[in-house]
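Note that the chains take the letters A, B, C and D in the order they are written out, and that residue 1 is the start of every chain.
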Amino acid sequence: MLYDIGRSKRAAQAFSLDDVAIMPTRRTRGIETIDLEWRIDAITFDFPLMAAPMDSVMSPATAIAFGRLGGLGVLNLEGLWTRYVNPQPVLDELAAITDAAEATRKLQQIYTEPIKAELIAERLREIRDTGVPVAGSLSPQNTQEFASVIENSGLDFFVVRGTAVSAQHVSNAAEPLDLARFIYDLDVPVIVGGCATYQTALHLMRTGAAGVLVGFGGAATSTNRHVLGIEVPMATAISDVAEARRDYLDESGGRYVHVIADGSMGYSGDVVKALACGADAAMLGTPLARAIEAPGQGWHWGAEAWHEALPRGRRVEVGQVGSLSEVVLGPSHSPDGTMNIVGALRRALASTGYTEVKAFQRIDLIVR
Amino acid sequence: MLYDIGRSKRAAQAFSLDDVAIMPTRRTRGIETIDLEWRIDAITFDFPLMAAPMDSVMSPATAIAFGRLGGLGVLNLEGLWTRYVNPQPVLDELAAITDAAEATRKLQQIYTEPIKAELIAERLREIRDTGVPVAGSLSPQNTQEFASVIENSGLDFFVVRGTAVSAQHVSNAAEPLDLARFIYDLDVPVIVGGCATYQTALHLMRTGAAGVLVGFGGAATSTNRHVLGIEVPMATAISDVAEARRDYLDESGGRYVHVIADGSMGYSGDVVKALACGADAAMLGTPLARAIEAPGQGWHWGAEAWHEALPRGRRVEVGQVGSLSEVVLGPSHSPDGTMNIVGALRRALASTGYTEVKAFQRIDLIVR
Amino acid sequence: MLYDIGRSKRAAQAFSLDDVAIMPTRRTRGIETIDLEWRIDAITFDFPLMAAPMDSVMSPATAIAFGRLGGLGVLNLEGLWTRYVNPQPVLDELAAITDAAEATRKLQQIYTEPIKAELIAERLREIRDTGVPVAGSLSPQNTQEFASVIENSGLDFFVVRGTAVSAQHVSNAAEPLDLARFIYDLDVPVIVGGCATYQTALHLMRTGAAGVLVGFGGAATSTNRHVLGIEVPMATAISDVAEARRDYLDESGGRYVHVIADGSMGYSGDVVKALACGADAAMLGTPLARAIEAPGQGWHWGAEAWHEALPRGRRVEVGQVGSLSEVVLGPSHSPDGTMNIVGALRRALASTGYTEVKAFQRIDLIVR
Amino acid sequence: MLYDIGRSKRAAQAFSLDDVAIMPTRRTRGIETIDLEWRIDAITFDFPLMAAPMDSVMSPATAIAFGRLGGLGVLNLEGLWTRYVNPQPVLDELAAITDAAEATRKLQQIYTEPIKAELIAERLREIRDTGVPVAGSLSPQNTQEFASVIENSGLDFFVVRGTAVSAQHVSNAAEPLDLARFIYDLDVPVIVGGCATYQTALHLMRTGAAGVLVGFGGAATSTNRHVLGIEVPMATAISDVAEARRDYLDESGGRYVHVIADGSMGYSGDVVKALACGADAAMLGTPLARAIEAPGQGWHWGAEAWHEALPRGRRVEVGQVGSLSEVVLGPSHSPDGTMNIVGALRRALASTGYTEVKAFQRIDLIVR
């Protein structure tokens, strides 16, 4: 439906995950009949969840732990772990700050330390040595510079992740990243985003990416809405990108590009809704930042928070609810959607009569 | 009206009871002209209210008291009263806990005590001996196991109640409950639910049930929305199920299956709206949990709250507003819809010119 | 626009005054060009405002004061001033109670004192003696009983005011008030309400009333929404009743029945919107209860609050903002719409280019 | 879309800036490619921002400072700086008052001091002497009286600013300002407003104005909604006035009248949205009142706040977030849209693939 915003503008309504919900259907299933396996490229995961490459969520240790639980952890390759030989004192100092303004200034300061190629290689080696799938991320701005170290680090997946990533970046100052060429040259499957619209997603799919991230920065920590006026209601964005997946599948003669919801999913119910909107998998920040092992120690922030001249994100207090294992696989002792996320996915499919995510993507939604 | 949730999803708007209201009509009536009698199967009640089989609401004593006031009390046959010979100390301990997290863990612990068939029989006998109508409930999972004790306990109504009950439950692990067969075999009228859609309701009606419950767990205590992303806006759900009642009436050549709204009615005005949406009766949790006699002692919780791995409900503080008799029949000393629920029903019909619930189901609603 | 509330109900959207607003137009006027005079029956008032017959607002003294300021004060003839020879101690006791529950019980108690015909006569005489227009109100239930004292008290207007008043009241217990017959017999112009729909209003206009009240109890103090599920969004109700005025004007060959918005107008901006929706005048409760002279002493309540078995209103604290004269005519020292209500009406018409209420009723609204 | 507000009224929905948002597009640009220059009449500014002529925002000193940063500061020529030789003690006294009611009375008192023509001339000379562009404002009521001092003060722009300014003001009491004649006679480009609708804007454009202000008083401080029921949702208003600009461009054979959003933009994201709705520039109050140099010292108020009989605005506490230079040009240390407003504009255009404001006016909006 289009609304008239005065005489010279029309606008479509966009829906957040909170605007929609799922209703029970006429069928129910036993929980034991549900299969959550997620296969992307050559690897099959126990459940369709990635851990977001955010310094409050992923360290080499938590990436390994998340992999062992059955998901795909992604290390931020331009974060504290590749800027500092030992980032722990920096993380501790940050966690000790409670004032929001002071935290922003501290973030702006600690991220001025340069990224080191050798630390990228070392952190990835640490993960690879444990045998879990290895994934790391860079922003488009840094991807070119560290391409060779990425090439040689035995990654299973490389993630190009920025607030808004387009296949058509125009720049005067430098040679912009040619995504299609980069992906063609790289011998590792690439996941790229965030994107928010049908057109952007289609263009990104054409670059050869194995998956696209849907979103615009990590939502709980993002203040893009206040600073830039830009906002991505996720239900609409996921549904749009899922349509691009279908059209590209036809256009490409059968290449299935995975749609991965990234951000705005604070509770397990939000993850369920993201799948119901058409996502194949979800990349989680806030829910995992609540784990006791998370490097943020109860705090959570994204890359927007440390921009030197225009921070567009804030550090938020998310608390600590249980071990990473309890958060992901349960058992839960908290009825608020913060624990046993995989169990909740399983239960949601069972309660609505579906056995697998692919079919669940077709479930009817309601507008609340 | 259908909304576009992006390019690949359309969704209908669903309305909660809070989204709608009743406007006065051109006629008013004297309060003495109103008849609230509710006849289901062989029994006629003074008013169309059932008490929810929740441990914070119904004990044998409150079931008896509610029956004496003129309604139908339903005892939870898999709750504390059939797990413990004397549940009072357990209830007292629970009431003494104020911390939410501690309460969840306590609930998870106390409900691990097994259900005892002999206690089911004993509790039902206690109610039956007083001469009030006798009703008890089990979840679909436990119905088979205790079928024979149910059979032999002289019940007036048996209630099969789960979060989502379907006539088409699919399971690998065990022989699922065949509702139609079970109801055919049982010599007691069965009320079954919750259900939330036209199709599910129609299927449940075809099993031979005397009534269907509309809802998805007790709403005030439920966190299904956060944990599972599933939500049942009640105005829409009741209206849908009322349509199923009409269509099934035709299909069956005249069998009238009662539509009983279950949950999401915290105040008397909500009960009025539920009837206006098409319900024949309402099953009350929160309003009765506020009675001084209620076993919850000012606290209220549902079956979702005690799941061992994925609790999807919380214990909520509802307070104590007056005696059960004042809550149901008045007089009220509180102008907030928590007391004299039957008087409020009567007054609502009088103010809008109706003498009975059946006609009142046709009143116009507005969207607020 | 009609919404589907599930398969068996459709509902129109109804708008409150808060849902709508006025936008400036292409014309502005000097404040001195505005004429707010309101002529109803034989009397012309300086501005189109009545004071609500509520005990927290109107005493004989404030009715006189309001009349002297240029409006029409209406005394509640079944309130404390006609139950007690000297109600001041009762009012003082009530004002000293701060607890809400205690206040409700006190209200239920003090209004059990019977109404006295001789006090009705005496209070009205007191007002008449000052030369201001005299008006009093009774509920439909009490109108018959005190008809003769009304007849002989030299009233300029008699107001029949109940929560919901219809021309078609059906009752078993007693001979209901025949409004048309009563109005025909009475030698005083009658204003009657509340009503909320086109049909009810049209029926009330046919009884011969000089004006109809639009509303459903005093909104700020009313809890009908919680207790009964009944709610009257005022913008829609006024617009509906204004249409009835037009249709009745045609049907009757020229009888103009005044549409008087009653309640839900807490601030001067709400009064402006009520006129913009089609009202000829407004009856004010809350705004006048804020006057230092108001008998409520900073508290406000309506007749629903003292029902012995089912109170449907609460006493609310409205505070005291200035003298009655400042509240009505200014000057204002508070930029929140609580003072200089007449000045605000004048300014609103000037800012939007209108000189009188009748034309202002045609101004365009927006939905916010 | 038109809504039925009952049977006799229809109303269009109007949208605030908060109701809408911008989504990323398929293109992104480097921040260095963005050009924010704003050319109006003979002057080119570095960015399309004006400072609002409010006493809490603009003193001669801050007008100069804002001009030096690259924008257009506008001094209120009927404010404290032209009433008092030294307003500093008055500002200090006001800042020391924390009680809202006391602040309103103080404002009513201090603005009774008459405006002095010689102070107008002196304040403008002070600004002119620094070489920055000079602009001052009067309300329509005072414009005539001080026309000659305006004429002779070497202004680059004169602003006629009132709550609602129309080209068709009707008055009995005095000869109203003939805007078209005044503008024709004055040898200085005139910016005039606020206006809120297509028609009013078109009429104002026909008076020969160089720019029109869109708005209805400074929104953060305004209480017109409560006092008068009048409200201007800005997204709709800007879009309407932008359409008037297009139609007048055609009608006039090429005269481009600038559309300047005035008020309701508390954060940089709101400014971005205003441009996206069709504005050429924005006049800022609240954001600049947060600068340490602002005369309000952390408080903010508009002209409506000091009306002697009907104040329609309140003094609000906005706090102090950084220097004027940091607020306008950064760097920002606060991720909430209060700092580096120009940087945020630049970033918003870059993130959505636009290089200049004129093209950005065509970007698609969504309704949130």
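Everything below uses one rule, namely that contacts are C-beta pairs under 8 Å (C-beta built on N, C-alpha and C of every residue); 3 or more make two chains touch, one makes a residue touch a chain.
A quick map from chain label to UniProt name: A, B, C, D = GuaB3 family IMP dehydrogenase-related protein.
As the structure is a prediction and not an experimental result, all values here were calculated from the model.
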Degree value of the rotation bringing chain A onto chain B, based on Cα positions, nearest 5: 90
Furthest chain, CA centroid comparison against chain B: D
Interface sides of chain C and chain D: same vs different residues, half threshold: different
Separation of mean Cα positions, chain C and chain B [Å, integer]: 40
Cα-centroid distance, chain A relative to chain C, in whole angstrom: 57
For chain A, residues that touch 2 or more chains besides their own: 12-14, 236-237
Overall pattern in which the protein chains touch one another (line/ring/star/complete/other): ring
Touching pairs among all chains present in the structure: A-B, A-D, B-C, C-D
Chain B residues within the chain A interface of the complex: 3-9, 11-14, 16, 101, 104-105, 108, 163-174, 176, 195-197, 199-200, 203, 216, 223-233, 236-237, 304-305, 308-314
Contacting residues of chain C [partner chain D, same complex]: 1, 12-15, 17, 20-30, 32-33, 198, 235-243, 246, 267-273, 276-278, 330-337, 340, 343-344, 347-348, 351-353, 364-368
